[in-house]
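Following this line, the structures themselves.
Presented sequentially are two complexes of chain A, the first with chain B as partner and the second with chain C.
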Partner chain A sequence: MTLAVLFPLLMAAVCGLLARPLGRRSGYLAALGFVPALLLAVPLAGNSVEAGGTPLAQVTNWVPELGLNFAFRGDGFSLLFAVLIGVIGALASLYSVAYLSPHERFGRFYPYLLLFGGSMLGLVLSDNLIALFGFWEMTSVTSFLLIGLWHTRSEARDGAIKAFLVSALGGLGLLAAVALLSVAGGSTLLSELDLEAVRASPLFVPALLLTLLAALTKSAQLPFHLWLPTAMEAPTPVSAFLHSATMVKAGVVLVAKFGLIFGSSPLWSGIIVPLGVATMFWGSWRALKQTDLKALLAFSTVSQLGLLMALYGLADAEGRFAATTHLLNHAAFKAALFFVVGIIDHETGTRETFRLSGLRRKLPLTFVVAGLATLSMAGLPPLGGFISKELFYEAMLHAGPGFIAVAVIGSALTLAYCARLIRIFFGDFRAPEDDGGRLLKSEIHEAGPGLLLPPALLAGAALLFGVLPASAEWLARRAGTALGFAGYEGHLELWHGVTPALLLTLLTWGLAALLVWQTARVYFLQVHLEFPVSSNRIYRGLLIGLETLASRLIAGTQGLALPDQLRITLAAAGLMGGYAVWRAPQVFQPLEGVPLSTLPIAVLLVAGALGVLLSRNRLTAVVLTGLTGFGSAVAFLAMRAPDLALTQLLIEAVTVILFLLVFRSLPGFRSLPRGRTRQIIDVGLAGAAGIGTTLLILASLRFLSPPISPYYLENAYKGGGGKNVVNVLLVDFRGWDTLGEVMVVAMVALAVGSLVRLGRRGEARSENDTAPTLPDLLDLQERRP
Partner chain B sequence: MSPKRSSTKRAKQAVRTVPDRPRPGDLLINDPILKTISRAAFALVLLFALLLLWRGHNAPGGGFIAGLMTVCALILHRIANGDSALRVDPVKFIPWGLALSFITGLVPYLLGRPFLKSDYGYLTTALTGEFEWATALLFDLGVYLVVVGAGLALAYALIEVKPTELVEGDG
Partner chain C sequence: METLFAILIGLLVAAGVFLMLSRTIVRVVLGLTFIAYGVNLAILTVAGLRQDSPPLLTLEGPYVDPLPQALVLTAIVIGFGTTALLLTVALRAYQVAGHDDVAAFGDNLARDPDAPDGQHADPEHLSPDLPEMDHAAETAAHLAELERLRRITR
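Then we have the complex of A and B:
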């Protein structure tokens, strides 16, 4: 399992390196990256998973002291999902070989795709809560990169930023939830949480709410659904991957897995089920309005995710069984449909429903594939979607009449948008034209096998799930033990007698027929029915608010003149010293242990500092500042710290040189016009800061107890094998710190380097580098449907 | 009123672009005395820096100090001779140094010990007698490279800044 997660990440590097020589063929390598995930099907098929035997577990230590490890746990549900990711990831890679233009930047596309797939695999397989959070955030970041792949288009940038902001918000929620859970449950391993303790803990409700925030944002549930439709700016194979098996399903995975912890609380289903059903209704309502096929599918995903959420949110065996079945069905038909839309886009040059008609004649094979997948999405027999829709109704029957009504309406709308989708294949063929009446493509012909095979396989699966329900049931049952529905008796069947669910289905069909019959009126209603509150408007408002707040904050703190900023800093130092004295008056006791020989050094230091004040020339000032530094070095020597003294000496030398180099290009001293009172205030501030800092240092000297130096003196030679304790400390005991500090040094050098270069006119300015401004982004959202 | 005006006037006269006058940094370039001395000093300082790096584990020294000293030597060379003693861009040292330090840390981790755990041992050869080797030296070497790269990058970037105006009281 570790291999399954690591391999895509590894292949990402390989693909990145080989992208230039291989071009689009690196897609085959990418598909190879998902092979270990596919191999997980072997343990999945084994009997132990269903019978509830010990799941596979692999632990790789990371920071064991903090309970932070890579613990992968392959129970039935995780493995099922991992295989799903593997299948669709591999298919998406193969599909995109044929789909993308040969001039695409493959050096980015496939690595991003693999990184994304790998982090998603890590997310579903991870048993460690903190690693789970890490993978969760990785999916956010990589999906940001994928959605924004065509970053020269402002829509893509906008979509990527929106997706990232929303899902990162949820990510923060997850981080907090994970922390609370591990505190309350006494373990960072999901499988070892003490559920009794968690339920009894006062942290239960906050953890529940935060987890929900994460799940709802990631899976685009109602208040947070806004990012998903704009995420369709990603290349189509990515959308297929994103919408069917990964990113958006991450929230569903979270609800499914954490439902075992939180499901007992009425709050859990009380929030998820209404929101899920409402999302289902809203998504299908909006989907019906779309004329762009991809947007239609995107809203359809929102709707279907609502359905899944509602089912898992019920947190009973029946709901979980139904949801797992639908999870499989949805993955199959949604990926297939995205692939089909990709084909249509590729072959005809447009995705607008009103430009397309009669495609059946030109693209017969695509028609068959699309037909199967659409039937499944619409929930019509004899496809998998029908079965899972029946199960959904069954489950909703227990939830309450209000839910049934919304569910039926939502399903009818689903049927209606499916009809709109499939309609492009019927009627007379008309070659699609653009707005000016010119043909988009001179000739339209069937797609090649590279484009057709992936959706055909998936549509075949959708058909199989319907015709042979036992296959879907066998698969869904694999997750039974992990999700707590192993004992559930229900079976998947196409025909299970005249049940209330069947009657509801008939009602749905009636409603849908009405909707299709009155298409024009429904569309009129949709266009003219504007809701006063839209989450897009709220998002925009928040973005503007944040911008304003930030600029005010900057203007209030950074806009001050340099002397004013200095005054604030100095006053703070003085106050801190005062606070130290107030809290610990005993620092005024005479200090022992300071040798008298340091006195002349102190005099030297003070003289240097005063000299800086009196100097009227930059050069003199720099050299005198250096004097205080060199003086400190001498002081260190007097205190028998040669290493420190040497460092101080050299740092001082380099600093003086750098200062001189900088000051060379600065104008000369100009004395600032200051009044007498100002001068007195400044002197007072400077004195207070000096005294305050001194007191603070003295206070910290006194209260650092017990000192840690004896430990190092004792262990430096034993543990690190060096006689120079300082050096052993730096390279061994606190090696991490040193590494971090070295990185800081590197960053500073790079930052200063680019700053200096920026100062030179005409350099480091490129038209392509300009980021979109906020008004641009807002304007774009305004125009979005 | 009048002194104020005269002072601004003077400042205006003083602020001017200076293509003809040598810049303060130029004054020392190709100065024969500095050039001669710098040659010897450069070698000595560099050698001493390497010595500091080498013995850092047991006596005062270490990668950071050695790096700073090397930077000093190279800046001296640059100021005295007007060109860099290195044939490569010093910025390139930074990633190599970081990588070296990181990998020295990673190796013990992959061998199942804590990240950055250092190892050491003793080797006796005819030439050096008993002598201690420590993986910490490699880590220190990484630190050294980063410090050299960063320090030089800073210094060179600043040396190349061309002052556009000079005001009275400078240089």
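Then we have the complex of A and C:
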């Protein structure tokens, strides 16, 4: 299993390296990358999974102290999903070989695709919660790269950013949820969580809500659905992969898996089921409005995801069984349809429904494939979609009458947009033209086997699931043990007698026929019925608000003059330090015996500091600074550090000389007023800094760990051959540090030299002084037209 | 003795911070020097001030801690380097700006509220972050501003 997850990542590197010589053929390598995932079908087919035997488990230690491991666990559901990812990933890779233009940047496309597939595999197989979060975010990042593949188009950029922002927001929620869960459950392994403890914990509800945030954003549920339609800016093979097996299903996986933890709470289904059903309705309503085939499919995914979410959200055996069946059906028909739309786009040059008609005559094979997949999506017999839709109705019957109504209307709308989709194949053939009336493609002919085979296989699966329901049931049952519906007795059948669900289906068909009959009126209604609040508008508003806030903040804090900026920094540091001091245990030692000899030192140090503050003459100031300098030299002597005292004395002399040199070309001390408020603030800040330093020193007087100095004292002579331990330390033990210090001094010397040489002559120019004044800015703005 | 020094160091740092917040550039440099004095003494003080022998093996033990002394030795030299560099930067700033008032040294960021990155990449294409902006108007404003500055200097 680790192999299955890591192999695509490995192949991504290989593909990236070989893309130049191989060109589009590197797609075959990419398909190869999904082979280990396909091999997971072998354990899946075995009896152990179904019978509830021990699932596959693999643990690779990473940072076990922090609970960070690559723990993979192949229970029935995870394996089923992994195989799904493998199948569609491989098909998408093969399809894209024929689909993409030879000038595409394959060195990016296939590695991104493989990274995406690999992280998705990791997400479904991971048992470790933290690794799960990691893979979750990896899918966000890689889908960002894939959606933005054609980054020269602003729509692609916008779509990528939108998808990333929305799903990363949910990702943060997941991180918090995972942390809460592992704290409450006492383990970072999903399979080892103490469910009783989690349910009893006060962290249960926050974790539930945060998990929901993650699942809803990733699976594009109602308030967060805005990113999915714009994600269709990705190349079509990617869309097929993203919409059918991966990215958007991640949230479904999360709801399915975590439903076992949270499902006991009424809050869980109370939030998911209404949102899911609402999303189903809204998605199909919007899908019916689209004229772009891909947009239609994108909104249809939103709708179908709502259905899946609602089923898993019920958190009972029946719902999970129905959802798993529909998951398989949806993956089959949605990927097939995306591939078909890719073919149509590829062969005719357009995806606009009103430009296409009668394609059945030119693309007969594509028509058959599209027909099968569409029938399945519409939920018509004898295809897989019909069976899972019946199950959906069955489940909604238990949820309540309101849910049934919305579900029926949503399904009728689904049928209607399916009709719109399939209509492009009927009628008279008309060669698609652009707005200027020119032909988009001079000749339209059937797609090659490279384009047709992947959707044909998937449509075949959709047909198989319908004609032979036992096949779908057999597959769905694999997930039974993991999702807790192993004991559920329901069976998949095309005809199960006259049940309420069947009556609902007939009602749906009637409604759909009405919708199709009144197409023009429905369209009129849709165009004129605009909702004032759209999540896209909210998103834009938030984005603009955030940008404004950020630039205001930067302009307000970074563009200030030096003293103001320092004040802000110091105030922030003071606040944080003050909080620390307030919280810290207070340690104060009494003023123990002070030798009389230190009193002159104290006087020297303080006199220098006070003198500089009061001096009005720069020469006095420098001399007084020297006073403190010499004071500290004497202090070093008193502290038994003769080397330091010597160095300090030397440096002091040089500093004074330096100041005197500089003063030749600087003006005298001017008294620049600070203003009364600033004066008070400055005194406060200085006082806080002083008191803070004092407290810090007093607090650090106790040793936190045993001192390492005895080592130096013992080894100075043996190791360094010198009797002055400080010197040996600098030159031998910390030789590299000293070398670095010498480099710093050398660089300072260079910088000082060049700065002094630059400014031989005073060249004061006012326009180089960039201080902005208010009149300046106003003047500037007035000049702008 | 440590308490006495802690208080002294606090005074030095307070004086240094107050000086750093003033507007004259030389005072800012002096303020930094005072903070450096304080920090040097603090490193030694934190290690504990005992009346033992200096860490010279020719003398009789016990010795005081040699490690902070080595650290402070480095710190003194680096502190001097910083002071020297700051002083020359101050000198150069005075030569270029024509005054030594730190509070009047501005920042380009505050200058142009329309350019998000605060500086123009080139006059033809003023703000690369906003491709859809009307560059003609922006260029005109920029040129007008340059003209105004030229008039002032003349």
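Here is the rule we use: the second predicted complex is superposed on the first by the 564 of 785 C-alpha atoms of A that agree within 3 Å, B and C clash if a C-alpha of one lies under 4 Å from a C-alpha of the other, contacts with A are read in each partner's own complex, and residues count from 1 in each chain.
Rule of thumb we're sticking to: contacts are C-beta pairs under 8 Å (C-beta built on N, C-alpha and C of every residue); 3 or more make two chains touch, one makes a residue touch a chain.
Computed from a predicted structure; not experimentally measured.
Visitor: After lining up the shared chain so the two structures overlap, which partner does A:570 touch, if you call chain B first and chain C second: first, second, both or neither?
Guide: second
Visitor: With both complexes superposed on chain A, which partner does A:151 reach: first (chain B), second (chain C), both or neither?
Guide: neither
Visitor: Of the two partner chains, chain B (first) and chain C (second), which one does A:496 touch, if any: first, second, both, or neither?
Guide: Neither partner.
Visitor: Please indicate which partner A:730 is in contact with in the superposed arrangement: first for chain B, second for chain C, both, or neither.
Guide: both
Visitor: Answer with first, second, both or neither: which of chain B and chain C does A:362 touch in the superposed model?
Guide: neither
Visitor: Looking at A:537 after the superposition, I want to know if it touches chain B, chain C, both of them or none. Which is it: first, second, both, neither?
Guide: neither
Visitor: Give one of first, second, both or neither to describe whether A:346 is in contact with chain B, with chain C, with both, or with none.
Guide: neither
Visitor: Scan A:25 for contacts with chain B and chain C and give back first, second, both or neither.
Guide: Neither partner.
Visitor: If you stack the two complexes on chain A, which partner ends up touching A:199: first (chain B), second (chain C), both, or neither?
Guide: neither
Visitor: In the superposed arrangement, does chain B or chain C reach more residues of chain A?
Guide: C
Visitor: Could you pull out which residues of chain A sit against chain B in one structure and against chain C in the other?
Guide: 618, 642-643, 647, 651, 654, 658, 662, 665-667, 669, 723-724, 726, 730, 738, 745, 748, 752, 756, 759
Visitor: Which part of chain A faces chain C closely enough to touch in the complex?
Guide: Per the touch definition, chain A meets chain C at residues 551, 554-555, 558-564, 566-567, 570, 589-595, 598, 602, 605-606, 609-610, 612-613, 618, 621-622, 625, 628-629, 632, 635-636, 639-644, 647-648, 651, 654-655, 658-659, 662, 665-667, 669-670, 672, 674, 678, 682-683, 685-687, 689-694, 696-698, 700-701, 707-709, 712-713, 716-717, 723-726, 729-730, 734, 737-738, 741, 744-745, 748, 751-752, 755-756, 758-759, 761-772, 776-777, 779-781, 783-785.
Visitor: For the complex, give me every residue of chain C touching chain A.
Guide: Where chain C meets chain A, its residues are 1-28, 30, 33-34, 37-38, 40-42, 44-49, 51-58, 61, 63-67, 69-70, 72-74, 76-85, 87-92, 94-113, 116, 137-138, 140-141, 144-145, 148-149, 152-153.
Visitor: In the complex, go through chain A and note every residue touching chain B.
Guide: So the residues of chain A in touch with chain B come to 616-619, 642-643, 646-647, 650-651, 653-654, 657-658, 661-669, 720-724, 726-728, 730-732, 735-736, 738-739, 742-743, 745-746, 748-750, 752-753, 756-757, 759.
Visitor: Taking the complex as given, what residues does chain B use to touch chain A?
Guide: Residues in contact with chain A: 15, 23-25, 52, 56-65, 68-69, 71-72, 75, 91, 94, 97-98, 101-102, 105, 115-118, 120-121, 132, 134, 136, 139-140, 142-143, 146-147, 149-151, 153-155, 157-165, 167-171.
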